[in-house]
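Note that the chains take the letters A, B, C, D, E and F in the order they are written out, and that residue 1 is the start of every chain.
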Amino acid sequence: MEMVTRKLVTIITEAVIEKVLIGELDNLRVSGYTITDARGKGHRGLRSAGWEHGANIRIEVICDEAMADSIAVKLKEQYYENYAMVLYVSDVRIMRPEKFQP
Amino acid sequence: MEMVTRKLVTIITEAVIEKVLIGELDNLRVSGYTITDARGKGHRGLRSAGWEHGANIRIEVICDEAMADSIAVKLKEQYYENYAMVLYVSDVRIMRPEKFQP
Amino acid sequence: MEMVTRKLVTIITEAVIEKVLIGELDNLRVSGYTITDARGKGHRGLRSAGWEHGANIRIEVICDEAMADSIAVKLKEQYYENYAMVLYVSDVRIMRPEKFQP
Amino acid sequence: MSSLDPVVLFFLLGLVAGLLRSDLRLPAAIYEFLTVILLLAIGLKGGVELAGQDLRQVVPQMAAVVVMGVVLTFIAYPALRLLGRFDKVNAAAIAAHYGSVSVGTFAVAVAYMASRQVVFEPHLPVFVVILEIPAIVVGVVIAKGRKNSAKWASLAHETLLGKSIVLLVGGLLIGWVMGPKAIESVGGLFIEPFKGVLALFLLEMGLLCAAQVSTLRKYGAFLICFGVVMPVVGAAIGTGLGWTLGLSYGGTALLATLAGSASYIAVPAAMRISVPESNPSLSLAASLGVTFPFNVTLGIPLYLEMARRIHGVEV
Amino acid sequence: MSSLDPVVLFFLLGLVAGLLRSDLRLPAAIYEFLTVILLLAIGLKGGVELAGQDLRQVVPQMAAVVVMGVVLTFIAYPALRLLGRFDKVNAAAIAAHYGSVSVGTFAVAVAYMASRQVVFEPHLPVFVVILEIPAIVVGVVIAKGRKNSAKWASLAHETLLGKSIVLLVGGLLIGWVMGPKAIESVGGLFIEPFKGVLALFLLEMGLLCAAQVSTLRKYGAFLICFGVVMPVVGAAIGTGLGWTLGLSYGGTALLATLAGSASYIAVPAAMRISVPESNPSLSLAASLGVTFPFNVTLGIPLYLEMARRIHGVEV
Amino acid sequence: MSSLDPVVLFFLLGLVAGLLRSDLRLPAAIYEFLTVILLLAIGLKGGVELAGQDLRQVVPQMAAVVVMGVVLTFIAYPALRLLGRFDKVNAAAIAAHYGSVSVGTFAVAVAYMASRQVVFEPHLPVFVVILEIPAIVVGVVIAKGRKNSAKWASLAHETLLGKSIVLLVGGLLIGWVMGPKAIESVGGLFIEPFKGVLALFLLEMGLLCAAQVSTLRKYGAFLICFGVVMPVVGAAIGTGLGWTLGLSYGGTALLATLAGSASYIAVPAAMRISVPESNPSLSLAASLGVTFPFNVTLGIPLYLEMARRIHGVEV
């Protein structure tokens, strides 16, 4: 299987800003994203799904390095300070790079 | 901790084919899999959990490189064209390699 | 974006021991964790969400290598034998290392 | 307005909220809960009334209804192929939706008739079950040919043991075995709240329907026309068949409604598995986005009127 | 104890279970289901009774109620800023919660009055809708200034088309259009089980309330005092306004309840989007952890008593 | 057939659907919703009737019932160890399931008696609460010895504050405090729909039960025999104890049902935490896959008959 390396950006944050973040990702022209519901604990305390205000979401975006950087910069500038948020990046191998082009 | 490297194959696709894909994975004799419910957006548009037809699932399989290849080949041949589907592979470190043998 | 490498520990196990495991992680002083609901199949057979006794959870912890080791050792010693459980570790790049300090 | 059933307003509320992009959504678990109650309630009520009946006369009717399902699919297919210029697989898939039925539409029609004191034969729910299947088979055969080997068994299993058939048939059997006792016993969940449950279900259907608008805009006028004309054609056939089979006025109107309704649960799932090349957005846009709203607002009153005329009933 | 409504005991049950760290929780989907039923039920009942009414007199009342929402926010803000020593954004965010309303509290008050045969004007639910919004606007303006450009449109959209407003307004309209027929039709889900649904909802509210204790412990005495005193001040203003507007005894008590209640759904969401620097734990701890339990146990009976006195009603 | 309660047919429907591998499943959230309603309803009804009662006579009965729970576990253990050849931990874990109780079975028995106008003492639900616990303690002690330090506190907490005990006790208290007013108030959700809710609950239980078949096939004949014989033995003991304690005919039958039922919620969770070496599939297969279906179909009528004989009641 011929594969190429891309970045997988994972964002864990407050469910209440799902719509807003999706707007940001769309603006950055990511080719897609995947969201799952989550709960968790971090510096801003326990976030316990079950009730909208306490719930987290987990967003994954597969993209190239430049886009990963743009996402990280955007979120750092505008969201890190005020929202429960974690972002991490890892390497993944994919098969159809054209699919993940903006 | 002594650990060995294996592949983690992640598949994001339509919930409606969960049973079918599980059948394929069982046929390939993977040692296990993990599924979470998801929603998302890609080339085939918005897929918004909540209603069966629009929902996604996220399947993870830990396996060796050969199996990862087999999965990728199988899905590419039979599913890529007709289904909303994304597949990516990454390296993970595990402790009990015998557990992930078919 | 300046980033540093950390470990992402992912644990897939029985939902029924969520509280207990969270207790262990808190004792180890992890800086946070994220949990999603899951289902799956492994050596202990099918685990099919939907009903508490059969459901899985998927716990993610971002931490340094030492902590990743501690988690792995702890779970291996006390839980591997008696519970449906899978643990794997991968490398991720994060932006604010101080956030993931215990 | 006064001729509208209140439950239809819930549909409109959902539709408007969806079009205005409100964040209103019922959780998936609740949607399923409502569906389970509706299906069991329809089955139970039918089963209880069926209890005293001579079923021998029903069997030939069932055969006729199967034929109707096949015929409807074969009417829809060339229309989609020639007028709509869809390719083979998409025309076949959409046609299968229209040859099959929508239980939600059936539930609205039942409520509509109840509020007008129109009675109907208790075995109508049996027809819902029977009509789910032939169109799927025809659709797959058109798209794939008959040799689509091996998959038939699993398709049959999926379809016959799908949620909606199991619950309808289960409800029918329980009602049939237990008689009125069944309804006394569990009516507090299945009978008294029925219309409220239907209202909430329709609210969500309105929201789902609104989500089809973007697809409709893309594929344009033909799909909308088809989604309105095909149900009327189907209902006309259903009216004729109901009358021929000697059904009552109400039974004829319900059979017309079934003929005029389009599946949005069983058939989409079956097509996704058996004809994956077809584009699911197209058929859902037509059946959920056009035909369902048409039927619950204008269609059902129209079909009742058609039945009234053919039976020469005064009101 | 005998003066307590049974539903309040469900709240206490949830509260105690939560404080004892029981693993009892209602699934999120069920909590939403219950909320949807409560909102539609309140809307429907109001709408049906509104049907025969002359609405012209209501419009000036609505304007007065909007002003009340603004005033309440402007009363809460300096108290929080000066006495509570909160910074600008947090004081503004918490103030917005108290200028707005809690539908859950309103539902408990409605049930409380029904069990005492106290009647009220059918358009009170309209005030619930109207009061949700002005406090949000004031809160955002205080925190961010008026130029908080571009975001106003999206904030308006979020708020006006939020779940609770859509369901309340939708229910009102359906009830108004359909009249008593609406309630006959769907009452089996929305009317008869209403208090049971409210009881289950309050059970979950008790659990959520218990979860606020750790925050309350951290931020201490002021938040607790504010959470008790502010509702009473608000209710006094509401009582006065209700009396001035010529509302009935029951209507006055309900307006007082609205004034005295604090939002825990619409406003937190709006603040998270528009004033993200504010700490959501603070406002939720006050509104969910102090004011809600105070209102459903002691507040509502007190507000009814206040209305009774100002109207000079004998009981 | 006519002696079957309709709700049992829902169980059979679920069972058959599951065995045929239908994709029917109730969402987890709905299953929990139904359970919450059943538990609160049983508690409320018991509490209301308990209101007027002299509770002094109940205390010695409670002690006797605790002893019964211990005895049942000690009867099951050697049977499993010697006849079933299970190792210590698995024998202890399974025995704990049979010393404890199943609220679902209790609910079916209550419905069965109600439909036969058999009355029973209002404090029977108290026994449900009381019987949940001793078997867990005995099971853990057998498996781990008494020194299983530190964990006792957390086990006690988990068990005493588990969902089912909190809801049952909470319902009892609310019913007891409020009296008949409680049921009037919230009956629209907890009382009238009770049997419908039970029916839907049993549908899902049937599906869960069917999922046990593969385990049963693997572990074979002994588990099936044990799952049928042990409840009958337990019920015989329960019948004797009920009679000795001077319970009524109905109360005796219910106590027999409790003795004959096996836990599938509280005990599995407790064993998973405290005796993790035990294999949870074994005990669930026996209790969910054999004993539950046996009890709801054949067991309960049998236990009522046993109580009838010992009391010499004519029917």
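What to note about this one:
In this section, a contact is a pair of C-beta atoms (placed from the backbone, for glycine too) under 8 Å apart; a residue touches a chain by one contact, two chains touch by 3 or more.
A quick note: this is a predicted structure, and the numbers were derived from the prediction, not measured.
Between chain C and chain F, the least number of touching-chain steps is 1. Contact with chain B and chain C alike is made by A.
With centres defined by CA atoms alone, the chain at the far end from chain C is D.
Centroid distances from chain F, each centroid being the mean of CA atoms, peak for A. Our note on geometry: chain C versus chain D, Cα centroid distance of 46 Å, whole angstroms. Between the CA-based centres of chain D and chain F the separation comes to 41 Å, rounded to the whole angstrom.
The geometric centre of chain A is 19 Å away from that of chain B, both derived from CA atoms.
For chain F, the set of residues that touch two or more other chains comprises 23, 27-30, 33, 192-193.
Chain C has residues 36-37, 90-91 in contact with two or more other chains.
All chain pairs that count as touching, in label order, are A-B, A-C, A-E, B-C, B-D, C-F, D-E, D-F, E-F. Residues 1, 5-7, 9-10, 13, 17, 20-24, 26-30, 33, 115, 192-197, 199-200 of chain D touch chain E in their complex.
Across the interface of their complex, chain F is touched by residues 27-30, 32-33, 36-37, 40, 157-158, 161-163, 166-167, 170, 173-174, 177-178, 181-182, 185-190, 192-193 of chain D. For chain D in complex with chain B, the touching residues are 25, 27-28, 31, 208, 211, 265, 268-269, 272-273, 276-277, 280-281, 284.
The part of chain A that touches chain E in the complex is made up of residues 14, 16-17, 20, 45, 48-53, 55, 79, 81-83. Residue ranges on chain A touching chain B, taken from their complex, read 1, 3, 6, 8, 22, 31-37, 62, 90-96, 99.
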